[in-house]
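Naming follows writing order (A, B and C), and every chain is counted from residue 1.
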Amino acid sequence: MNYETIIGIEIHCELNTNTKMFSAAPVRFKEAPNSCTNEIDLGMPGTLPCLNIHAVELALRACMGTHCEIDPLVKFDRKNYYYSDLPKGFQITQQFHPIGKNGYLNIQTKDGMKKIRLNRIHMEEDTAKQFHTSSGSLVDFNRAGTPLIEIVSEPDMRSGEEAAAYVEELKNMLYYLGVSDCKMEEGSMRCDVNISLRPVGSDKFGTKTEIKNLNSISNVQKAVDYETQRQKELLENGGVVEQETRRFDEATKTTVLMRKKEGNVDYKFFPEPNIFPILLDESWIESIRNSQPELPSQRKEKYMNDYGLSEYDASTLVQTKELSDFYDEVVSHTKEYKLAANWCMVEMMAVLNKENIAFKDNPCSPHHLAEMIEMMKANEISSKQAKTVFEEIMKGKDPKKVVEEKGMKQISDPNEILKLVTQVLNENPQAILDFKNGKGRAVGALVGAIMKLSHGQANPKLANQILNEELKKR
Amino acid sequence: MRLSDFSKDIEKNVDLSVSKLNDAQKKLNAIVTMIEPDEQIKEVKEKDPALPLYGIPVAIKDNITTKNIRTTASSRILDNYVPVYDATVIKKLKEAGAVMVAKTSMDELGMGGTNLNAYTGKVNNPYDVKRISGGSSGGSAALVAQGVVPVALGTDTGDSIRKPAAYCGVVGFKPTYGRISRYGVIPYASSLDHVGYFTTNIVDAARMLSILAGRDDHDMTSSYEPVDDYEKKLNSDIKGKKIAVLENVMSSIQDERIIQNFNELVEKLEKRGAIVERIQLDDALLQTLLPVYLIIANAEACANHSNLDGVRFGMREEGKDLEEIMINSRTKGFSSAVRKRFVLGSYSLFVENQDKLFRKAQKVRRVIVNEFKKVLDEYDCVMASAASTIAPHPEESVGEKMSDTYLVAENFMVLGNMSGYPSLTLPSGFVEGCPIGINVTAKAFDEQTLLNICKAVEEETGLENVTVEVQR
Amino acid sequence: MEKFSKEMLKKLANQVMFDLSDEECEELQEEFVTYLKQLDLLNKINTDDVEEMVYPFDTPTSFIRDDEHEYALSQEDAMANVPLKNENYVVVPKVVK
């Protein structure tokens, strides 16, 4: 029998805020344990939640980027369960009234563009982080209360490739929107995948399994592919798929059972009485909509249509937001779009990769790079000189200063060049004779002499021209 | 004791109060923790003597969080809990120059109306130590009635300030929901919890409101309504004021002396020009007050107290795994009564029960409040006897159990919690040497009218600043 | 499981992380009878088309906290009440989710 794989994905994403969802404690990573908390995050008696406006703004940006309907009346609910990483004994979430619903995302598949529907986006708070040692579990509440959005797709994906494309598209978009830093390997973006199989042509869903906490896009694809195969073999051998939670094992590239689901846990959701519903101002929502950062697809279009870049160049630039941001900054100072793209994508990336420098530590300023490109365009430096200048601006230097210090400014003044030409001709009477006798290559030797005399600073084109004129006069 | 009885001599004020405290504690068992006042005295001395509570000793219900001062909410599970932050009301008291002298006993986590269910045991009624103080703010009520402090903070989820105020013969006031910040107040049921206080007279109640009320950004349910100078605007001229007497309550009270006391007061108010009319709400609706209250309160309470698990603070009992630690800590940490209420609360939140229990109760709550609002759209206030008896003996107290006779009369004050409307109990007389009181409820955020009418009542009863103070 | 049997009540209690004694279960059985009887009173009230009342007042708020002002406890204060700790971590028996 032929089976169809049905995939739905839930993604938890930590929001880029300074403070927590419901408390003013700072959101920071890799700090000393329990040093970024206050009484609210620790669930101390008597504390009350107080919603962070920036978290709402970022949730709205995610909703807008995914074409969700936005509910301007923000409400929260309690999800009740007991665990050592859950300080209050309940999590504040948006069970009944998600901030966004009925959205979609377009992904690129081998058969072209495909629309993946989003069921909902809702806000909630993260739990504490636990470290397991042989003698017990250590709990650090620094992460407790960190703002999260959960993005729930409809079961619209049909293969590991589509699942991976969906996660990649979403990750890229949320990153570009500044919603989250989306570091899957560090857990700031966490991905749970639901998979079931059904005979092709059936409209009923089969029993699904959930694979928790996939920590990279390639693992999403690998896990889905493996799990599809596993379920298929089960079904073909007359077995049944059981509803269970599994995890992906990196070493064996397989999915492993974590626990069986015994019925549904009743989280006893009810509306959070300590947060009155908050009516978001329509004009505020509009101002957020109007200040949405450009998405990769929008930037790509701009690069191709407005800047005349090739599809390849445009795609390469938008692959990482930092590179694209850098390029945008460079071309705000120069109109040499193609030249700027080459320097950014090829020369600069080569240095960063070779020196193993992270983009955020890039010593080169976009303004400096633009200046250098402008100098090339004005024939102030040759492209050969530019390579030297570039090496220096990649160390954080100002190109004007480099040119000055190295005295490498190109000589383009005809009078200056005439002086050089005259001196060289006076010193090489034999070459003039050779020229007169029809030995064309004598010119090359004379130009070489001019360049040598000028320490390579003479504008070669101009030198050639003036030399030819002077030779004819002799 | 009135606030105005106190001089600016902080030490003298505090010494007097502290010396009374020790005697009062032997008699009343009203205190969970005595507070060492020296540090506070030093701090207050740096402040402006014109502050409204400059150097005045106050007592605090033990569910209100006090930085560096043990706060147990009269529950064993918090017996060793010393908060690292102050509740907003505590900050306000400190800013006003008050000196805290005691944390007072209460029904565990506010869950009770008798103060019998406190980890430190029964609080005795100052007028008859064999009788109960009422609860859950029993310790605070008893200390004010005993003349130990002129003001004590309490909280009120069903009638937890206003019932003990009636039993102890003091003024007990719960302003509108959102008037006083709940930040730092260990909850019972968040949608019904109010912060309030006890005084011996209406002038002090008015002054305290201006001190404690006001928007607090730490409490998202806190109101932006402007706060007035209630004391300055206090005006007992109630000519033309429309008062509704809740006849459902009055007609079910069996003690003729209480009825007579109430009727005499009504006559006096009418003589002052008030228009008093007896109104009747649907009995079937009022009979739901207690069950609706209990369903909502128990459900919210069960979730609210899930943080008490022995992991980050409080009394931890060991166990072989996390679940066992939580179960052992909570089994030993909560009394039987509290655990049983949590089970009832949790049950009504299950998906299969929510519609017919929790959500049904929330819907009936709206029907009740809508009816109550209609009355207050027409009248300036609603009035009735605050209790159908004097303070009972422990074995007579029915607590929250069903008692058909007094189902309405003993529970009607919860109307103030469901609606959020401001509600105040003040003494109206004595029966068998024990105090009785009346309860007055007004429109949302109209505390001024409420206080004005209560001032008129106080002038008629003459029961201003009555305490059973031991003369020293 | 029989409705409100001791077994069921103990399970209910364990779900909210405590135990009930046999005696407590018996008391609770009685209270459940009353509790459910009170439901009859609620059911007499027509609540068709009535929305749940979650808060005393229905007016929505517009206040949301800004993201600028940070406030954290010192590590010492955060850990002050922790019953079992190790190097500023809260310690519990090993948990595997």
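As a convention for this text, a residue touches a chain if its C-beta (ideal position, glycine included) is under 8 Å from a C-beta of that chain, and two chains touch if they have at least 3 such contacts.
Here the structure is a predicted model, which is why all the values come from computation and not from measurement.
Enquirer: Out of every possible chain pairing, which has the most C-beta contacts?
Expert: B-C
Enquirer: Going by C-alpha centres, which chain is most central here?
Expert: C
Enquirer: From the C-alpha centre of chain A to that of chain B, how far is it in Å?
Expert: 56
Enquirer: What is the distance in Å between the mean C-alpha positions of chain A and chain C?
Expert: Their C-alpha centroids are separated by 41 Å.
Enquirer: Rounded to the nearest whole Å, what is the centre-to-centre distance of chain B and chain C, using the mean of the C-alpha atoms as each centre?
Expert: Chain centroid spacing, chain B to chain C, equals 22 Å.
Enquirer: Where in chain B do residues touch two or more of the other chains?
Expert: Each of 81, 84-85, 191, 217, 220-221, 306, 309, 311-313, 322-323, 326, 346 in chain B touches at least two other chains.
Enquirer: Quick check on chain A: which residues sit in contact with 2+ other chains?
Expert: Each of 38-39, 42, 44, 50-51, 82-84, 137, 139, 141, 273, 276 in chain A touches at least two other chains.
Enquirer: Can you list every residue of chain C that touches 2 or more other chains, as numbers and ranges?
Expert: Where chain C meets two or more other chains at a single residue, that happens at 16-17, 52, 54-55, 57, 61, 63, 65, 73, 78, 81, 90, 92-93, 95.
Enquirer: State the interface residues of chain B toward chain C in the complex, per the touch definition above.
Expert: Residues in contact with chain C: 80-82, 84-85, 177-178, 191-192, 217, 220-221, 284-285, 287-288, 290-292, 294, 302, 306, 309-316, 319-323, 325-327, 330-331, 334, 336, 339-340, 342-344, 346-347, 356-357, 359-367, 369, 401-402, 417-420, 444.
Enquirer: Which stretch or stretches of chain C touch chain B in the complex?
Expert: Within the complex, chain C touches chain B at residues 9, 12-21, 24, 27-28, 31-32, 34-35, 37-39, 41-47, 50-57, 61, 63, 65, 73, 77-78, 80-84, 90, 92-93, 95.
Enquirer: Quick one: in the complex, what on chain A touches chain C?
Expert: Residues 17-19, 23-26, 32-39, 42, 44, 50-56, 73, 82-84, 130-141, 271, 273, 276-279, 281.
Enquirer: Mind pulling up the chain A residues that touch chain B in the complex?
Expert: 38-39, 42-51, 78, 80, 82-84, 87-90, 137, 139, 141, 266, 268, 270, 273-276
Enquirer: In their complex, what parts of chain C are in touch with chain A?
Expert: Residues 16-17, 52, 54-55, 57, 59-75, 78-79, 81, 86-97.
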